[in-house]
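Chains here go by letter, A, B, C and D, matching the order in which they are written, and residues are numbered from 1 within each.
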Amino acid sequence: AAITLSGCSKKNDNGGGGSASAAGGSTAAPAAGGGQKKIAFVPKLQGIPYFEAMNAGGKAAAGALGIQWLYQGPTTADAAAQTQIVRSYIQQKVDTLIVAPNDPNSMAPVLAQAKAAGIKVLTSDTDAPTSVRSTFVSQASTDGIGTGLTDQMATAMGKKGKYAIVSCGETAENLNSWIAVQKKVAAQKYPGMQLVSVVYAGEDQNKATQMATDLMNAHPDLTGLVGECTSSAPGVAQAVKSAGKIGKVHTVGLGTPKSMAPYLKDGSSSASILWDVQNLGYLTAWAGLQAASDKPFAATNNVSSKMPAVKYDDATKTLLLGPPLVITKSNVDQFNY
Amino acid sequence: MTAQLETREPSTAKVARRILPSPVTGQEWVLGAVLVALWVILSFTTPAFATSGSWQPLLASVAPVAVMGVGMTAVIITGGIDVSVGGAMMVTGVTTAKMLVDQDVSLPVAVLLAMALGAVLGLVNGLLIAYGHVHAIIITFGTANVLQFVGRQIFNSQTVNGIPDTLDFFSRGENGRTLGIPHSFVLTLVIAVLAWIYLRHMRGGRHLYAIGGDPLAARLAGIRVQRYVVLTYAVTGLLVGLAAVFTIASGTSTLDQSIGSGQELAVIAAVVIGGTSITGGRGSVLGTVLGALLVQTVSSGVTQLGWPSQLSDFFVGLAIAIAVGADLLRQRTRQQRTGQQP
Amino acid sequence: MAARAVRALLTQRIVLLAALLVLVLVWMTLLDSGGYLTGAYDSDYLSAALVDAVPMCMLALAELVVIVSGRGGIDLSIGAIVSLAGMVFGFAYGRWGWSLLAAIVLTVLAGAALGAVNGLLVAYVRFPALIATLATYYAYKSLALVITDSKPISDTEVAELYSITRSVEIPVIGHDLPDVPLGVFTFLIPTVIVIWLLTARTTFGRRLFAIGTNDVAAEWSGLDVRKTRFTSYLLAGAIAGLVAVYISAQFASARPDAGTSGNGLALPAITIAVLGGVAITGGIGRVSGVVLATFLITWLNAGILLAFTGNDGTQYQLLALGVVLIFAALLNGVTQRRYGGSR
Amino acid sequence: MVDARLELRDISKRYGGVRAIRHADLVVEPGSVHAIVGENGAGKSTLIKIVAGAEGADTGSMAFEGAPMHLASTQDAMAYGIQTVYQEPQLFADLTVSENIFIGRELTQRGRVDWAEQHGQVLDLLELLGLPERYATRPVRELSIAEQQQVSIAKALAGNAKVLILDEPSAILTDSEIEVLFGVVRRLTDSGVSVIYISHRLDELPRICDRVTVMRDGRTVGTWPITELTIRQIVELMVGGELEDHTEARTPQDSEPRLALENLAAAGHFSDVNVEVRPGEIVGLYGLVGSGVAEIAEVVYGMRDQTGGRILLEGKPIHPRSPRAAQKLGIALLPANRKAQGMFAFQSIAFNIGVGNLSQLSRGGWMNRGKETSVAKNMIDRLAIKTPTEQVPVSAMSGGNAQKVVLARQLVERPPVLVLAEPTQGVDVGAKEEIHRIIAQLADDGTAVLVVTSDLSEALRISDRIHVVVAGTTAAEFAPGASQADVLAAAAGADADARHASTEDGVSA
């Protein structure tokens, strides 16, 4: 321990000071070279198609925008595991840190540390409104997603009947807020629809399948199932398919295109509400660069040829990718994730 | 002894008498009764419970836990434990899924591959435990972490998409069932019965009990303790491979990194609910299968009754406490009857 | 002389851990100066990483207490206790407006009560500890989610608590040293001292090691075996209650899955305790070993995040933990045969 | 001349620093009973473990019927027909008697264990040993220790034995059970089996064995036909010198009894036990294993429930419900089984002594470590415990010294009543002497000492009075100097009304 502790403490030199070990740090990534900005993104969980697609979008942006894109996710969807990674990014003196927090409140303190270290802090995918983040890169508004899901469910079910929701993490903030919107919208627009149950399967596909099956059994007259996240969306569709109830029980969900493709094609899933996740990754990286370069956002931004007009709401400091995308069997093959 | 002492022909009356303790333990009767009671209650309270649409998936989801439980029962009977089955399931699962997608391997090849790979992983555990002279829980905590790493490396941060329906035979659709029972569960029962016969009637099986009862005495009785220990972990690994196949078969066409997570505790729970003594020397696979059924019935029941799904674990905990508590109580009264002080 | 050093290294877990710790620090520092790390592996970073070491070390100490108590002692429910006690804290401090001190006391009491249930089952009903705590693990985990309908409590009171875990400068000598997370002083060091005093300096400690070494002999020596074992589980629960307060503060919210999300906190805590030289068979274990093991794993993990970019970083942490654990355990097995036991 | 059944030449075996066997030789003839005798720790068990393939020798050679024999495992030895009953029963508590007997060499038919065939053979064996048939299907857990020992013997008999090794089979058997065993042994030798018989009950030897090998300090002193030696000569060969006669009788103080047991009973174990112990008196409570003598000590110490009678301390009835309660009343006890009931193996001497005296060594729950150390040092001096420091773990100590540590735990407070159960079991002659000296010293200082033992020579040697326990009751009382033969006869229930002091020469080893 003596060896590291003997090095002088650098607590008061937030970047720019050019201490010996900071130099060592930068040589670690020779590719970074000249003035390339380091934009780091911490997803909720690694290895799931959704965030890996965001990573792909971020990488594409890195090439196009000339930035260094860093991506590192925890092995479990856990706030504690995320903060460790955030801390290592602070140590790497990235220019912008973007987080999709598992628990927004939990993330707030360490984000404040990052800001204090001179790092620009953003959130993407899931907001941490109480934190010091300067901007939230939103895939679609909470209202948009909740309404989209409800509308699709209503269309599939014929606007009446019983339905249930298979959610994932019990404490996932964004899922819970979407569910709140779904309840509200259904009550207003579709009085014939009745939400009978919300269950939580964690990030486990098989558990989602089993729970969806149990729900269908508990409510034989159930005609709709919502898979609230990317692991439960194929799970509920599979349950319907296995039970031989295609056409009787309709499912919609937030599923990634590749995982939903077989179900959309055989009809066990009617639609998936999502957005272009790769574009979201690209937008996230772009927003990171803007922040790192201290460039403000315009009300409408030309991000790339695919995203010529991204709206920015100054009141909520939210950059909005656009309206949610409805993925059906007709367009599912356009996506490669 | 036969050389020196003339042996009487065992009289038929004596042979007919109970030679072994009863084939079904008290714990298993209790579990069976509780299960039946639960099923009856659930059938009345949630009408759909007794339909095939309900119990077919239930049996299909019991199969992986129960089949791993068979191996885990053997491991625990020898006085060991394996907390790395979740990690092993991840590694075998992702490898098999990749082979299905990339190589388009056939059903038998996929199954053999999964089981062989699982057996190799189990073998490593077994060798480390038997020859490293380290408590099984420590070694398998270690290998659990290593396997998590290996599994994730193979996943390479992606899910495995577009898994073909090669494995449908095990639980999906009409040709995945016989007499309405998913083949994965049928196979689990077959394996459980074979294991039951092995544990009860074959020399090797009895030796496992002896090893769990007193490893030193087992060695003195000429039992090759280390070899059996290695064997039980290897067999457990093999069954983990099979469980991974079942899981893929009953899952969606994508496989993600959640495969296997939390399975070690689920399997251990099924084994201990089934009456196998965690200290070794006593236990039966029949109880384990019943234990697995009980756990799944409880969690399905909670969802079907419309109670908050988060409550199901509470009842699982309660089930463990009651099942093991009943077992303890029975042992204690038996001890009192025979006038022994603990 | 050299032989003696080797022998100490092989037979004394503390020496081995200290050597490994130095190895990790030197190696990482070399990697850093060679430019192989993406960020500086310096004292500031190591000190900031201690934020995670605090709950880990406290829970590992809780496991030490129950594992040392013997007869298969272990507590799988410790993470679930953190979750459930954390909700109690959230309610008391965040919702009911209790004072911080009162809320902390209540939370620790709640943790102790949950631990007492384990103690009752294990010591008095004579459940195997693995089974009793597996059962309560499921039950507590479930209750924590049910009582708030799965929602975290992050009312402002709780959110502002983060201040008790932020980094501070050590007074007087602190200017040239890195700031250290306050939790190290407010939670970790007091717990370490208390557990060390309890195990090494009190009659409870003597009784604890006695029952862990030989249950029967302890009974014949006139010790209250059951009460001692019961107390050890209660104590572990109380520590978990304290950890619940810390985690609520560190993450500025009382989460119902604080100790159970992902792999949970129990398995890592047991792993660290075992790595720290606590014998799973009971009767052997030292506070210093557990503290060293925590530091080793914390700083190794922190280094790995800088050494591997992308998802590999967190994956290699799993590998490192597994390999270190197996290595240390096997080494112990070897030395036990060669030198007739290690301590 | 025919080859010997078994021939061991120049066998040596080390355990770390302990030389358990040194250049031992042993020749066993076919169809004979060959006794091996020696003090505790002489190496008897180790030697037979080598023959049984359970341990490997470091040097030396073995031959079986003239041909060299190499054993890598117990299985190898069994293949030669070498069957062993170890000193500690090697049984599996959760398996049935029948299974235990055949474990490791099950009879099989088409791969399956042939339960019927095994069962038939087991019934024969049980009958042979005089055990009820219904035991065959009972888990061993439900049997008494003596019955378990008989199951071990049955287990060895079930193998096709050419050499049967019995390591102290009689230590925990009753006389009638021993008779049955002898009958079995004779039938076996008649059919050509060689039996190696280890025992501390020297009086048995002339009745059963043909030759005797004496071991001392890991060496084989020699082998003699049993007819050529008297028991006294055997003992002298064992200890390696002339026997000194036992210590002179002490004069007990004349006062009221400090401890009195009045018609004490524990259902199923003993009843009508009447014993009085005065301050300064050493009373021996002698009984064979299984006579209930061990349980009497447990009741007095609160480890077992009493079901009748009274325990009086200074004339007042007491009801100790736990060792803790007994200790508070001033009753200390040295447990019989040092390893299981007394030792905290890998803890230090200071820990082992201190842990039984926590209230004296602490204040408000805080250990007074200085006092703990000084008490330990004091005890090490007082009991002459051989150790470099008080921090040595007791697992690293010899049997005798470990026993002294366990004893020391009970002596810190100079208890008014001290109960010693088998105080010198598994202890060397030298250490035995010292422990006896310590006991006498304690009595001289005014402690009332009750020695519960199944070692007759010990009882005769240190007691001021001896009560013999037969079938769970105090049957006879002897004054010091009683003859071994008379006491033994009383213990066997032959002469219940023996209250006399014979001066016949008794062997006191």
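We adopt the following convention: a contact is a pair of C-beta atoms (placed from the backbone, for glycine too) under 8 Å apart; a residue touches a chain by one contact, two chains touch by 3 or more.
Bear in mind that the values here come from a model prediction, so they are computed numbers and not experimental data.
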item	value
Each chain counted as touching chain C and chain D at once	B
Touching both chain B and chain D (chains)	C
Approximate Å spacing (C-alpha centroids) for the pair chain A, chain B	37
Chain A and chain C: spacing of chain centres that average the CA atoms, whole Å	32
Distance between the centres, which are taken as Cα means, of chain D and chain A, whole angstrom	73
Sequence positions of chain A contacting 2 or more other chains	46-47, 75, 170, 200
Residues within chain B bordering two or more other chains	148, 152, 157, 261, 277, 310
Full enumeration of touching chain pairs	A-B, A-C, B-C, B-D, C-D
Chain D residues within the chain C interface of the complex	16, 301, 303, 322-324, 326-327, 333, 335, 340-347, 351, 354-356, 358-359, 361-362, 365-367, 369, 395-396, 409
Residues of chain C that touch chain D when the two form their complex	201-207, 209-210, 213-214, 216-224, 283-284, 340-341, 343
Residues of chain B touching chain A in the complex	46-49, 51, 53-54, 57-58, 61, 148, 152, 155, 157-159, 161-162, 172-173, 247, 250-254, 256-259, 261-262, 299-300, 303-306, 309-310
Contact set on chain B toward chain C in their complex	81, 83, 128, 132-135, 137-139, 141-149, 152-153, 157, 261, 265, 268-269, 272, 277-279, 308, 310-314, 316-318, 320-321, 324-325, 328
Chain C residues touching chain B - in the complex, by the definition given at the top	72, 76, 121, 125-128, 130-132, 134-143, 145-146, 149-150, 263, 267, 270-271, 274, 280-281, 310-311, 315-316, 318-319, 321-323, 325-326, 329-330, 332-334, 336-337
